[in-house]
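Chains here go by letter, A, B, C and D, matching the order in which they are written, and residues are numbered from 1 within each.
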Amino acid sequence: MKKIMNKAEDYVDDMLKGIYAAHPHEVTYVNKDLRCFVAKATPGKKGKVGIMSGGGSGHLPLFLGFVGEGILDGAAVGGVFQSPSGKQIYEITKAINNGAGVLYVYGNYNGDILNFEMSTEMAEMDDIETLHTVVAEDVFSSPKGAENKRRGVAGMFFAFKLAGAAAEKMMPLQEVKRIADKTCANMRTVGMALTPCIVPELGKPSFNLAEDEMEIGMGVHGEPGISRTKMAKSDEIVDQMLNPILEDLPYKAGDEVAVLMNSLGATPKDELYIMYKRVDEILKAKKISVYHVYIGEFATSMEMAGSSITLLKLDSELKSLLAAPANSTSFVQMQLG
Amino acid sequence: MKKIMNKAEDYVDDMLKGIYAAHPHEVTYVNKDLRCFVAKATPGKKGKVGIMSGGGSGHLPLFLGFVGEGILDGAAVGGVFQSPSGKQIYEITKAINNGAGVLYVYGNYNGDILNFEMSTEMAEMDDIETLHTVVAEDVFSSPKGAENKRRGVAGMFFAFKLAGAAAEKMMPLQEVKRIADKTCANMRTVGMALTPCIVPELGKPSFNLAEDEMEIGMGVHGEPGISRTKMAKSDEIVDQMLNPILEDLPYKAGDEVAVLMNSLGATPKDELYIMYKRVDEILKAKKISVYHVYIGEFATSMEMAGSSITLLKLDSELKSLLAAPANSTSFVQMQLG
Amino acid sequence: MNLSIDDYKKILLYLAGSMSEHKQELIELDSIMGDSDLGLTMEKAFSVSSKAMQDSTETDIGKFLFQTGMAMSEAAPSSMGTLIASAFMQAGKNLKGKTETAPEDWKLFAVGLRDGIVNRGKAVPGEKTIVDVLVPVAQALENDSSGSHKEIFERLETVAAEALEKTKTMKAQHGRAAYFGDKSIGVQDAGATVAYIIYKSLSNYFKE
Amino acid sequence: MNLSIDDYKKILLYLAGSMSEHKQELIELDSIMGDSDLGLTMEKAFSVSSKAMQDSTETDIGKFLFQTGMAMSEAAPSSMGTLIASAFMQAGKNLKGKTETAPEDWKLFAVGLRDGIVNRGKAVPGEKTIVDVLVPVAQALENDSSGSHKEIFERLETVAAEALEKTKTMKAQHGRAAYFGDKSIGVQDAGATVAYIIYKSLSNYFKE
């Protein structure tokens, strides 16, 4: 197994030690638990809603890299592809609560849901109000009509960004949740994978794809997709990914969107841009205009090769929140023009 | 070959079309040549020195992703791992010259040197002054005493950043070159590779590394390193990389440095942070203080797995230039505190 | 014969031993449509919590079980870890105030396991989860909680075994297995197997 | 017999043909310590420029060769592409003003190839580069440029062949091969082979 690591069982904690060492002015932890990850500026502005996420490790920059100004206030860290505990979520909740309650924004995975709900129960004892926005935008993970069973993937970034911007504007908890939910309702993702990744403690790939195969719709933990086929040309791959996205919401002529082109890890930016060439062609043909394109690594699966496309339909409210500046260790944005 | 692309021979041009489509307000090209890449705000401020780079494709975000405010004004784009032509460099030179001359900052590769020099000859005919800073900080690519034969690798980012900040401060050409040269003189890099990458038009890996092997000192195009060994633990790998860096300049107790932890592509941020844990331990033990850590993809080799560590020794001049804001498609920094 | 805190400490250790024994079986079941961690997380949940609780000076059996659940949830925050933790916490709430328990108190325990998990996970019977074993077991005790510890668990072991078998016919609606849709039919549910192991072990414990 | 622009057009096409023929050999040589592109870039440099120059209405042989070099540099901006381009540009400068050339003018040509590359690449003899063929060839003509085209190139072909052979004994100091240090000794230089191919082809051209 070619991973730069020490002992497999120290993978997550060594990574966390590295993060705290690298960014001592930006992030820290609470409750003497490395896995209770918060912005250095904790507690934040009095009366600002706290925004937190959390979930399994192995998806950097997801969660941790987005803790900072104008985006997340904290993130609970689980083992690789494992949920953090309700207690850890609860400890962060207490730390980032500035008297206005905390919004949990996380992906639609069983373990995460159960633990965030356990935390909510604990927080109730302290009279801290918590609300949940469960992100579930992966089109191929469950059919239309059963959207609530869909997985949350790279689109989580958009939910963090807009909820964070809303909180920064001192909106109350209910309003921040409304923004996060609206973001989720207006976005869709489709992913594809080319190679598996290895969970350090397991030491071997969780699935196999032949040297000339790809899988459309595969989840970030290797959950089965909807079709395994021979490698196709980029333009054809994008057609297979983007058209189902467009039909699902649906996105229509005249809509304005933000696009997120995400690498699962090993796929280089070169290829994301080659894909975007086709995305641009299709959106132009459908008269859907693009406000801003985010491209790179936002939600990865360690060294997995593959990518995902996310579309977020914007109205003026979402657009102004998307445009707001943010400053975290993995995502920095100046005010968009 | 698992690459998301159309025809191999269109790899670079499709990528460029994707970049221009994704960032229409940020970047564009001149001379009707996709490979003559410049900031949208070209020509820039009157009297500002133009900063440009260039070289082979396959290293994103290197070169193109750093074209923007406070960093590069333009970059000439070659084929994968191939130099751009002198003519292309010259066309960009003309476009970004704001009357104060142009500084070329690029890596110490034969093809690039020859073509930047050819461009200088062409620019002389137009009375445009050009100076060259050739980055050569890869410690293991040539022994001490023959530093001028070293390759330029991820440290190029620091040279771009500081030259860009100096130009933004309206320093004259000679001064901007002094800053870029001083940056180069104060930085050192060591890299390591775990897997090869595939040049699209060749279609097969340029070298092989066994499933349990790594190579220290390998270059970003697969140039031979100094030792091929069994996979070691992260802490040991870092020892093998960082100690030669520290001895080479040398970096001493009391020095203040910036650190760049770079992924060659497939290596996830998790592993860079696991490495940084050890970097931090060593630097603390040596009483070398760290001003800022940059971590992620800065100079890649497409899907190659591996990483590099770069140290840049700072004085107050370099520090204030490093701290200055920058805004490009792949690198955004708010003013550092 | 009534049970004291000391008995519960022994029972916890016994359950932890059983989970260790079935570790590989659970890993394999969870590998079919899950992430192969169930054997590891169950072993961890039970071994960490049972060990931690040995030193407890708590005399209230309800509080003792609640704390066991808390310890489980920290030790193994997977789906099943969190669900089993919620189960023990609810069982603890149901038994709060008791310093010893009679055989018929197993009804409060079994209902607690069921309610803790149903409230946390919102699954209903037939959705191929642990609930499909916990519901009939609790129902059996609600109908009849007579007899000795040994007699009670002999009955429950049979109920649990039959209920577990039925999960093979169901289509998964929760967790990772749900992504497999119809393909999940025919396979025995991994989580339900955990419930079966608990009841079977308790039955063995009282046989010995 | 003197040569006109039309002859130079034919010579360029002939050289392009030779480079294509030797493509695989150059790829293999460059693969030993380089990036395997030399065969491709040389074929491209010569084929693109020779084709482009067929339509030229230029009558000045010097300007014609200079433009050929410019076209090469755009077509193949690799190390050798840029060096060969610089070589042709300098040869063109040396022959500027001539609308036909005599056999002894090959001296100006050979000196131009050499100087163009030395000025651009700053290599000196003995460093295992194309310079190690270009220098003795130019020197031979500086010593003796008498005879017909055919006679001149028969002599030069021998000089070039011997010079090429000597590159095997040298240690690479430039380009990718330099990273191999002592390991480069024993291997024939790829770039020097390009110079040899040029002179051998010219010799063949005038034999036919």
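Annotations for the structure displayed:
Keep in mind that, in the parts below, a residue touches a chain if its C-beta (ideal position, glycine included) is under 8 Å from a C-beta of that chain, and two chains touch if they have at least 3 such contacts.
Please read all numbers here as calculations on a predicted model, not as lab measurements.
Contacts with chain A and chain D are shared by B. As a whole-number value, the distance joining the C-alpha centres of chain C and chain D reads 82 Å. Annotation: 33 Å between the Cα-based centres of chain A and chain C.
We define each chain's centre as the mean of its Cα atoms; on that basis chain B and chain C are separated by 57 Å. If you draw each protein chain as a dot and join the dots that touch, you get a simple line with two loose ends.
Interchain contacts (touch definition given at top) occur between A-B, A-C, B-D. Of all residues in chain A, only 2-7, 11, 14-19, 21-23, 25, 57-58, 60-61, 65, 194-195, 211-212, 214, 231, 233-235, 237, 259, 261, 265-277, 279-280, 293, 295-297, 300, 302-303, 305, 307, 325, 327, 329-330, 332-334, 337 touch chain B in the complex they form.
Here chain A touches chain C in the complex through residues 78, 81-88, 110-111, 114-115, 117-118, 141-142, 149, 151, 202, 206, 219, 221, 223-224, going by the rule given at the top. Against chain A, the residues of chain C that register as touching in their complex are 35-37, 70, 73-74, 77-79, 82-83, 85-86, 120-121, 174-176, 178-180.
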